[in-house]
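Next, two complexes with chain A in common: one pairs it with chain B, the other with chain C.
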Partner chain A sequence: MKTNNQELVRVESLTKHFTLGGSFLNKKQEIIRAVENLSFTVYKGETLGIVGESGCGKSTTGRLLLRLMEATSGSVYFEGENVLEYSKEQLRAKRKDFQMIFQDPYASLNPRMTVEELISEPLRTYKVQNRKERLLKLVDAVGIPKDYLTRYPHEFSGGQRQRIGIARSLALNPKFIVADEPVAALDVSIQAQIINLMKDLQDEFDLTYLFIAHDLSVIEYISDRIAVMYLGGIVELTSSERLYEKPLHPYTQALISAIPIPDPTISRDRIKLFGDIPSPMNPPAGCKFHTRCPLAQDICKQAIPELREVEPEHFVACHLVEESLL
Partner chain B sequence: MPEVKKPLLEVKSLTTSFRTDRGLVRAVDNVSFTIDHGQILGIVGESGSGKSMTSQSILRLIGSRKSEQVNGEVLFEGQDLLKLQERQMQKIRGKEISLIAQDPMTSLNPVYTVGNQIAEVPMIHEGFSKKNAWSKAIEMIKRVGIPSAEVRAAQYPHEFSGGMRQRGVIAMALAGNPKLLIADEPTTALDVTIQSQILELILDLRNETGAGIMLITHDLGVVAEICDQVAVMYAGKIVEKASVAELFSNPKHPYTQGLLASLPKLGDKTRLTPIPGQPPNLHHLSSGCAFADRCPFVMDKCRSVQPALKKEQTEHQVACHLVNEEGGDENQ
Partner chain C sequence: MKDTWKRFKQNRFAFVGFLFIALILVVALFAKWIVPYDPYFMDSSSPLTSPNGQHWFGTDQFGRDIFSRILYGTQISLKVGLIAVGFSLFFGTIIGIVAGYFGGKIDQVLSRITDVLFAFPDILLALVIMAILGPSLTNLMIAIGIVYTPIFARIARGAVLSIRDSLYIEAARSMGVNSFQIMLRHILPNSLAPLIVQVTLSFAFAILAEAALSFLGLGVSPDTPSWGIMLSEAKDWMEISWWTAIFPGVAITLAVLSFNIMGDGLRDALDPRLKNER
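Showing the complex of A and B:
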């Protein structure tokens, strides 16, 4: 692992509730608990992966950290300062330290701007000196040929657009990058190019990543540590080696056993999960996973399991984890 | 076998082209394959490789406009679908051949209950009464593993979760007892734990009904999981075709090799090997092999002459000059 355990971001009891309804036509108010009581640390230089199925709150978490969305409660410490308490001006000044890479390279670039305009926009906004020099360095780093600078986004393929998006987020020399499904929209042969690029840039620019994805093979490959989310909470958090070697939460176990492996000679015992993911509008009491858990017992329906360190650097939120450890 | 049985579906030299402002585009180019009863053929390829266009051409969902042209033969139980009248084709769609599309939300009509949409199939194709069709719908909903079928049948698509909707679409596709099922990225929109449920359901149904299945996907993991045969498409052409076991253990086309090498493997953190360059633009294809610009083994010949899909071993076919030339020596 690249980490020296120097903390860069610390999240404490982060919670986000969305309210639905309450309008003139729809008087009934409902609360969606998108993220609840989330706590974790991101170390300098590491890649922390967040994995989970749709609706588990992984994207919301990323957006809350960068204040692209306001949290309901909790704190996010970036280099010791609580980002959620920043005023607008403070936030604007600090924004250049934390940036985002978006999923859809087609939607995240303004179609009326050339590559040069797109990448130098943040440089102009923050009045960076020697803009042209910086611009050329950036396009070179992400592998976009210099003579493409005057072109528009529609002239590029998906993979090249993602490169432009990455150059844009790197423009201001950020320390921390939230990448929300950066390769999900790309073809398989291009995915590997972008993953390699992100790894190279991490070394070159000293970056710390929060890498959000639903693809377990991708997340295992790129992450140093992985947090598995289910219905707004972390159920397991540990190093990526340990997570795949010995997953302790029944949900992680099922998730890993469900990955389709591109090798027909491997046959595995699949842990079957029945039923669907419950709605975050009306999550089950106790452990949120108990409705689908093959091991669920009475206690799981009553008490919410805490995220506990069950072995060094391995956190699990499950009442029955001691049994899995045996 | 003493008698030569006709395959369920035999596609011969299927070519689909579109006239566009920027010239003629061949989305499907001289594609041939067969599917037998009870067989699952996987068609893999990246976006724009022509895999969905192939299925839509088979079902004649394209080809009616002046700008679209579908040539070749699509023999379904010996009958050429491309020669049928639209009327006759309507009797085949949904009855003999059904389609499971990628996005279950857009393949269900939001203003009808799920039960109604499934019941429509036996009413149209088999002249069932409303009442009988409704009980058939409930039977189908049970069969695809949706609990409390009677209640669910009377609900609308928005009341279903994603995985349940896809089960509903599968129930609808199976209601006519089709002999051929075309599944176009059936699990791409679903989460991985739900994906494995749906794949298992498709396998069970194949075993029960003996239907042939054409499964279109970009996910090599899904192919390895449930397919018998696989065809790899690139720029509208099939570049490699083999049994699943053979393709994964002995990929011959440089594109197939590149695809397999570019996937991250569990437990392996060595640097990934991507395929360099970008997918080709169908508007500007060269006269040679479409993969030439990205191929690590490219030769002069590749840039000028298109390689044909040749029988290399009996069941393993590759369209590559390198493989086809070396083929003889390699197999002793």
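Showing the complex of A and C:
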């Protein structure tokens, strides 16, 4: 592990509720609990993976951290300062330290800007000196030939576009990057290239990643530690080796048993989950997973399990975890 | 851009409109050297001459050559069109982008103001504004400009709403780009296509409005060679000399038609999807 336990980002009880309805004609208000009471720490130089089904709040978490969305409550400490309390000006000045890589490289690049304009935009915004030099260094780092600088995004493939997006997010020498499913929109053959590129850049530019994905193989490959999310909360958080060797939460166990093994002769017991993920508008009481959990008992329906450190550096939110440890 | 031009050229009808507009532009620029007679010169020996070899379109009640006056009229029409449409494009786009981008109360206030302006019939509103400002060419252009501002505001707002939540806008925000830069560098270039189309269509309306207001005596001074003024003066004589009314009328019709069909063609060329849906 690259971790030296120096904390870069600390999230405390982060919560985001979206309100639906409540207009003049539709008085009934509904609250979507996208992220609820989320706490975790990201250490300097590591990659923290966040994995979960669609709608579990993982992308929302990324956006809340960068304040692209305003949180309902909670705090996000970046190098000790609470980002959520920054004024507009402070936030703008600090933005260069934390950047984002977006999921869809087709939609995240302005179609009417050339590669040069796209990558230079953050440099111009922060009035960086020697922009041309920096620009050339960036395109070189992500493997875009410099003859392509005058081209427009539609002239590139998905993988190349994501390289441009990565170059742009690195332009300001950020310390922390939230990568929101950066490879989900790409072909599998290209995914590996982009992930390896991100790993190389992490060493070269001293980056810390929050890597959001729904693909378990991708996240295992890049992450040092992994947080598994379910319905707006973390159910398990530990190092990636440990998570894949010895998952403790029944949800994680089910997820891991669903990873295909590229060898037809190996058979294994799959833990099948039944039913759909419940609506975040009306989440189940107690443990949110109890409606689908194969092990659920009465206590699960009543009390919300805390995220506890059951083994060193292994956090699990489950009432029954002690039983599975035995 | 190349594709747009290619598609535009394939549309014969629109292309003819474009050529005619180009012709009007050339005539307006070189009118001084093209006209066979001085458009202001009154030849008292030959009032109301019917079209002939010397006066192709005949002469008016003061013996002025109608052909020359129509050629000069292109200058007034284009000037009014350019400045009035420029006015409404400029202010309408700013209002629309600000309203669409910020939303909320700002949007409510700006949109309601444009709605109020929309509620009046075009010419009536222009008449009221002209009555307040007083008749002159400058005021005429301002009045037409104000009348068409809400159209541009509404189109710009709609375009902004469709791209405001795009990922690349969020990406720009995540890089600390301020709202003004986002509107100028991201939103404006991406909402330009429908605005360009509206420019050509409004040009036609502006020419028509200038003619109508001049006809009503609220536009340029009566001796100016404007198509509207010519029509207005011709109304007293057209029973005995049809050419005084027909030629300026045809000029207005052709100019307006050209801008309209070019606008339609441009819309199809800029957004090929729209055409397929029809």
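In the analysis below, the second predicted complex is superposed on the first by the 326 of 326 C-alpha atoms of A that agree within 3 Å, B and C clash if a C-alpha of one lies under 4 Å from a C-alpha of the other, contacts with A are read in each partner's own complex, and residues count from 1 in each chain.
Note that a residue touches a chain if its C-beta (ideal position, glycine included) is under 8 Å from a C-beta of that chain, and two chains touch if they have at least 3 such contacts.
Not measured: the values here are computed from a predicted model.
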Partners on chain A (chain B, chain C) - clash or fit: fit
Chain A: partner with more touched residues, chain B or chain C: B
Chain B versus chain C as contact partner of A:T291, first or second or both or neither: neither
Partner chain in contact with A:Q99 - chain B first, chain C second, else both or neither: second
Once both complexes are placed on the shared chain, angle at chain A toward chain B and chain C, C-alpha, multiple of 10 degrees: 80
First (chain B), second (chain C), both or neither touched by A:R112: second
Touching partner for A:T125 - first (chain B), second (chain C), both, neither: second
Which of chain B and chain C A:S59 touches, first, second, both or neither: neither
Contacts of A:G159 with chain B and chain C, given as first, second, both or neither: first
Least C-alpha distance (whole Å) that remains between chain C and chain B when both complexes are overlaid: 11
Chain A positions touched by chain B in one structure and by chain C in the second: none
Chain A residues within the chain C interface of the complex: 66, 68, 92-93, 95-96, 99-100, 102-104, 107-113, 121-122, 125-126, 165, 168-169, 171-172
Parts of chain A lying in touch with chain B, wherever the complex brings them together: 53-54, 157, 159-160, 187-193, 195-196, 199, 214, 216-218, 220-222, 241, 244-245, 254-255, 258-265, 270, 272-273, 276-277
List of chain B residues in touch with chain A within their complex: 46-47, 161-164, 191-197, 199, 218-225, 244-245, 248-249, 258-260, 262-269, 271-276, 278-279
Chain A-touching residues of chain C, taken from the complex the two chains share: 166-168, 170-178, 181, 185-186, 189-190
